[in-house]
């Protein structure tokens, strides 16, 4: 495993997993940006910094379409990127062919960047649906590889 | 670790973790199915495919009870399956007894399938609560094993 | 890797990751506590145990401020603790200096406990914002270390 962990496949997995998880974290900052620029918060204590007037502060607790859109995109990341990381890690440990593995990681990470841009900019469908499906297909392909290599019930 | 990774315990973990993560991904498809069959969407651009009438499209953005139920079930998966995967991975690396480990994985994965069926079909309580608790207990048992084997603060 | 997995850095990662994931699971119990004590549920079948009167049961399906607060805190845990676990695992495998690694893990886990207390008790800002940022900074520092050590595109 010193051997497996230092393998190019594992290094590639580490690189792409880190990049795509950083992209996921970026959604938090985008949420904060929209909350501040549109003055739309979830918590009473967060409105204090913006205004002291209770009536004004109450209005800031209403849901905001832009904030909700970014949060849905973030949620979709959690629902798709975490399965990729889990299954990708196990896949990287099954000693797959380097170039096959690299293309799985690249296609997945690329699809998630396209998904985020499609979602946040509300680009007409099916751009978002397609990028979502392409990401899942690479995850399914890796899951198939793990199950055929490692099956032990 | 080549040795640890090729161990039966690690193969079993890989198998069960992959299966239960695939089950989690399945919730996305169930959400899409309900969104389409009940015409209930979250994004304006998603309603275009179904209708061109703005009034009709607005109605499709209302929340739908069946969609929300599946999404709550998916969220519960995220909150329980990810901790299992993290703690289960560390547990699998502590060289536990194979049969003990297998039963932890089997009980957890079984409990999550029962949980999903109970949730989605709205089976009367306490079926859902019990399956949730049984899954957590196997996670706690593995966490205890990790902390007693690997404690380093 | 037997060597990497048995290293003090990996044992430390296992310990802190397990502790912070258990803290995340604790949020589920806090949600259940508030749901029961304030009689605020999401599912019709969950209200049965409390009352047989349909009118009363319908009222229990309204959202409750305390429940929603805990759920937002739980969601923030998912969005921050999972990236820590993923990037921290990869970081622990890059053979970092033990004391540097230990301080990354300790600061992150400490920041999340402070974040939870700040959120749940609605302590005035910027306590919650600061604890959130400190946790992210340790994650970014580990991600930087992974990308400079393992970069393979």
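By letter and in written order, the chains are A, B and C; residue numbering begins at 1 in each of them.
Criterion: a residue touches a chain if its C-beta (ideal position, glycine included) is under 8 Å from a C-beta of that chain, and two chains touch if they have at least 3 such contacts.
None of these values were measured; they are calculated from a predicted model.
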- Same or different for subunit A and subunit C, when you check if over half of the residue numbers at their contact belong to both copies? different
- How much rotation, in degrees rounded to the nearest 5, is required to superimpose subunit A onto subunit B on the basis of Cα coordinates? 120
- When the centre of a chain is set as the mean of its C-alpha atoms, what distance in Å lies between subunit A and subunit C? 17
- Residues in subunit B with touches to at least two other chains are numbered 1-5, 78, 82
- Interface residues, subunit B side, partner subunit A - complex: 1-5, 8, 11-12, 14-19, 21-22, 24-25, 27-28, 42-46, 48-49, 74, 78, 82, 85
- Message: Please output the residues of subunit C touching subunit A within their complex, sorted ascending.
- Response: 1-5, 69, 72, 78-80, 82-83, 86-87, 90, 93, 119, 122-125, 128, 136, 139-140, 143, 146-147, 150-153
